[in-house]
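Next come two complexes, and both contain chain A; in the first it sits with chain B, in the second with chain C.
Showing the complex of A and B:
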């Protein structure tokens, strides 16, 4: 933060929602109560795969306090929906299913009653006749010829395929002096937002629907709900003022929003549905589990030549955002390195488990767990320094990933320096400890438009009131990552006012411009660019009046080469900053000059000609010091350093929080967060048995910020906080490799896996000695 | 089930409520009294989002029946602020960015406050143990530990 040329950017700015959040004033969907409101509960399938023959809810309807029951067949249009709206065959989920269930927990019917208790009891009175069908739970089984068909017309249950290729991969392999191939089984992970899925729908007979919903893209939900209900988008208002976490799990249509809306529409009363923690586990979505085959060819000096990957992902019952995760895992598996030939073939396979989808990192954590470990093993096999081998093959500023992406800023080289120094300073570690490293990069917003929006990807409006206070309207969604604060900072800096002058309006589709929302690390760059443009527009309009009244900023008048600017509410001559006028005074002059109209600035952003994936990429290298108990196989994280290039930091406190938070989630993915299924049933759908990092398990998380400037980002900023979910699992695996020489090809890396690997190694050594 | 009379004091305000004796303390706080700052994240006493102070002790309000709080002094997140002035721990949370989505924050702050009331000069490890019963999915805890440490050191008044 030293030598900061900005007044607001990268200073110690408090989160603008902080006061509400530390005093209990922040009202989440979970807290919303409306007059005349009913409570809804969802009846869920106990079977992983079954036909619904008959639903009889007459007894439930007679139960005192029950007001209504809905089923897919009777009360919905049965529309198949999905977030990949551009591709009809990928819109495969009805939410309230009509004739078939495909995973345990899938919504079958919903009840509205005077209280949650009554609704819950009434569920037991609904009789459903099922014809149970054979089910399949793993992609390698689902893809077999004889596997049961989960969706009609999808041969071998293949939901989506992805092929990515550049260069002549086969020729590059021919040239390789060393080739290594490995299979990995990469795990799923649950988002576990502290606020479970929650919605309050309020349909009124005049044809308007207002929905309070915990999500990360109010515009997506507005549009998706319009599609399934046969309503106009403009008649639906989605409000998501405070969201208790999302992490990639809350921008699709969920059972809470759909069932509450269908009930509300039928009963003309507000209906609230809150998922229990168990429901949130079994009937939401999860990070995509993957089987990963990786083959890599290099020269003996460590020059990377060719890589080939084949991936089979466990898609679960529906598409969701899983199609994007498949593409992105394929792309980021190449990161952050240059390959002469690269080939990826991905198959997303339907199974009878809860659907898999996007989760923070979006396919990249899986890719890095496999890639970054294999690279470490290759370095060991060839006797090369793993950091130097990575360095010589890495991206650099201006590098073009053939046919895919052009890299703008790239600070990975400096990242290697920082981690090298950190490891050197650590000196000799105790016997039970080792350091693992892992590199990666990540996108700053996606370019793809599978949602088929006609709108700009982001938009913003800046309105200046007579007293100089500013209304900033954005469609971005703050789910805790701090985008409200970041966008207010960009607005204040650009306009030249103070943070307390900005009143930010977001999370309400009636009053905010459409925006694709919070996913793929897009808001700082895309919404940030829109905010900057809107604030510049408003500022330009203001300054027109300053030029017209030049005498107020300069006694001698201004000729064409003089520039005016506003900073810290001071309108001034750039060459002579002491000559100026108070910003509020200029606002009053401008307002009068505009015949009483407020000054309104507009901005928008849609990426054009920025490749296939993203306008900009963050880079990072992480080192993790791990302690492993040889007797128990238990892991303890001791220390960490992340060298991180996110361009120009905007929101300093927010950035640190994002990086620390990403570490905890990524570490959990590495060694704790396990989702075991038996016959399609999740065995640990609660916070006792699903183990996430707690305060006592979190190591120090130092960050070395690498100074770069990203030309595509507002003030040079790019992604932070999602990409850092990617490296940690591999870094932990690499530490175990360096400690014991064993290779961890499955995550989360559980104690029994380490013990088994050690046992196997001992047996091999014994066998070796006998020879 | 026949309703019973519950008298308790919440944030200095006395209440008399007729409740079903099966009602949980968190339900009385949120649904009967209407203080929604206290959250619920699990209902298995695992996450700590519902933490309040009962006679000065941190308790998970989803784990006890409201009737067990008969005659007790309950403090919720809404009770920490006095006449518009935030408690030091609340100021520290803002200044250290010790929250993100904010859903666990009420419970986390109540745990932190109860912990500091008992241990005014804690080590970092003691702070971590003090909030071990509270899950935060966003922050990774380190900013929370810094905020509690700074409060203990008297950096916020």
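Showing the complex of A and C:
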């Protein structure tokens, strides 16, 4: 941050929502109460796979305080929807199912009552006749000929396939002097947002529907709800002012929004549905579990030649965003390295379990757990320095991933330097500790338009009031990651005003432009570019009046070669900065000049000609010092350093917070957060048995910022905060490898797995001695 | 020496990315709709079995086999 050339960017700006949040004034969906409001509860399937023969809710309707009941068959259009709107086959979920359930927890009916307790009790009075069907829970079972069919027409339960290939992979393998292949089993993970799924729907007799909802893309929710309710998008207003976390799990329709809207439409009263923590666990979605086969061919000097991966993902009952996660795991499995030949075959398989979808990292944490461990093992097999081996094969600025992506900025080389120094400075570690490293890269927003939006991916509007204050309207969604602050910073910097001048309006589809929302680390770059463009537009209009009244600004008149600018609310001659006028005065001149109309700046952004995946990529290398108890197999994280290239940092405090948060989630994925299922039932749907990392278990999470300049990003910025979910599981695995020489091929890496691996190793050593 | 004509998909007529039959096979697997599946099955192959074979064994055998059939079909035209 030294020598910062900016006034606002990369300074210590506090979160603009901070006061509202820390003083309890922020209104989350949970806090919304409307006159005459009812409370809804959802009856859920107890079976993993069954036909619904009959639903009798007459007793529930008679229960005092119950106002209405809805079922999929009687009260919905039965529309099969999905976020992949361009591909009808992948729109496979009815939310409130009509005739079949495909996982335990799937919504079957919903009740609205005067209180939540009454609604809960009424659920027990609904009688459902099921015909229980055979079920399948694992993808490798699901593809067998004899497996039950979960969705009609999807042979062998294959939901989606993805093939990525470049170069002559087979020829590259032929040339390899060393080939290694491994199978991995990579786990799921729950989003565990602090705020569970929540919605308040208010349908009024004039045919308008207002929905307060916890999500990460109000525009997506508005459009999806229009589709399933048979309404016009413009007649639906979605408001998501404050959101308590989402992490990739909240931009699809959920039972809360759908059932509350159907109930409200039927009863003409507002209906509120809040998921309990258990409901959120069993009936939302999760990170996609995967079986990963990886074959890698290299030269003996460590030059990477060929890689092949075959992946089966446990898709659960519905598609959701899982189709995107499948493609991205395939792409990022190649990162951040150059391969002469690369081939990925991915298969997403339906099972009778909780659907899997996107989650922070979007398929890349799974890819990196397998890739970065295998690379470490290859380095050990060949007696090479694992950092130097990675370095010689890494991406560089201008590199083209064949047919997929062009790399603009890339600071991975500096990342290697930082981690090498960190390891060196550590010196000799105690016997029970070791350091593991892992590299990765990540996208800065997705280029794909599977949602089929006709709008620009991001848009922004800047309006200047007579006192110089600025109204910034964006369609982006702050879900706790701080995007509102980041966008306000970009606006303030570009317009040349102070942070306190910016009033940001977001999260309301009636008053904000459409935007794809918060996923794939897209908002800083995409919405940021739109904000920058809108602010530049407004500033240009202001400066036109400044040029027209040059005698006021420059005092002596303005030479044609002189430029004017605004910085820190001072409109000035760039060549003679002391000569200028207060920004508010210029705003008043402009307002009069425009006959009283406010200055309005508009901006938008849609990526063009940027490859298949993303307009820009972040890079990082992480080192984690791990202590492992040989007797119990327990892991303790001692220290960590992440060297992270996010381009030009915009919101410095936000960046640090994002990186720390990502580490905690990534560490949990590495060794704690386990989702065991038995006959399709999640066995630990609560925060006692589902172990997330706790404050006392968090190691220091230092960050070495590698500042590069990303040409596509606003002020050179790119991704931060999601990509860092990718390396940690592999880094922990690599530390265990260096400590004991055992290879962990499944995550989360649980104590019993370490003990089993040690036992197996001892037995092998014993058998070897006997020979 | 005459250059090979670029391969086009026997179902939808799409030109293969590099003009090769293997790229056309990738396109057919990737599209995977009813029409493409039926064409593969009509050759005496099984679309789904080829897909599973590709998924469960190293290498590119399924694509190569389908590419042979595409080339044969191309030759017949």
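In the analysis below, the second predicted complex is superposed on the first by the 771 of 771 C-alpha atoms of A that agree within 3 Å, B and C clash if a C-alpha of one lies under 4 Å from a C-alpha of the other, contacts with A are read in each partner's own complex, and residues count from 1 in each chain.
The definition used in the following text is that a residue touches a chain if its C-beta (ideal position, glycine included) is under 8 Å from a C-beta of that chain, and two chains touch if they have at least 3 such contacts.
Because the structure is predicted, anything quoted here is derived from the model rather than measured.
Student: So, does A:295 touch the first partner chain B, the second partner chain C, both, or neither?
Tutor: Only chain C; A:295 stays clear of chain B.
Student: Considering only the touch criterion stated at the top, classify A:155 as touching first (chain B), second (chain C), both, or neither.
Tutor: second
Student: Classify the contacts of A:312 with the two partner chains as first (chain B alone), second (chain C alone), both, or neither.
Tutor: After superposition on chain A, A:312 lies in contact with chain C alone.
Student: Would you check which partner chain A:21 touches, where first means chain B only, second means chain C only, and both and neither mean what they say?
Tutor: Once the two structures are laid over each other on A, A:21 reaches chain B alone.
Student: Touch check for A:36: first (chain B), second (chain C), both, or neither?
Tutor: In the superposition, A:36 contacts neither chain B nor chain C.
Student: Touching A:700 in the superposition: chain B (first), chain C (second), both, neither?
Tutor: First partner only, chain B.
Student: Touching A:169 in the superposition: chain B (first), chain C (second), both, neither?
Tutor: second
Student: Of the two partners chain B and chain C, which one touches more residues belonging to chain A?
Tutor: B
Student: With the two complexes superposed on chain A, say which partner A:343 touches: chain B (first), chain C (second), both, or neither.
Tutor: In the superposition, A:343 contacts chain C only.
Student: So, does A:559 touch the first partner chain B, the second partner chain C, both, or neither?
Tutor: Neither partner.
Student: Inside the complex, what are the residues of chain C that reach chain A?
Tutor: 26, 29-30, 32-33, 48, 51-52, 54-56, 58-60
Student: Going by the contact rule at the top, pick out the chain B residues touching chain A in the complex.
Tutor: These residues of chain B touch chain A: 30, 35-44, 46-47, 49, 76-78, 80-81, 86, 90, 93-97, 99-106, 109, 125, 127-129, 131-132, 134-145.
Student: Which of the residues in chain A end up touching chain B in this complex?
Tutor: Spelled out, the residues of chain A in touch with chain B are 14-15, 17-28, 30-31, 192-196, 242-247, 276-277, 479-482, 653-654, 656-658, 660-665, 686-688, 692-696, 698, 700-701.
Student: Of all residues in chain A, which touch chain C in the complex?
Tutor: So the residues of chain A touching chain C come out as 89, 143, 155-156, 158, 161-163, 165, 169-170, 181, 293, 295, 308, 310, 312, 343, 345, 347.
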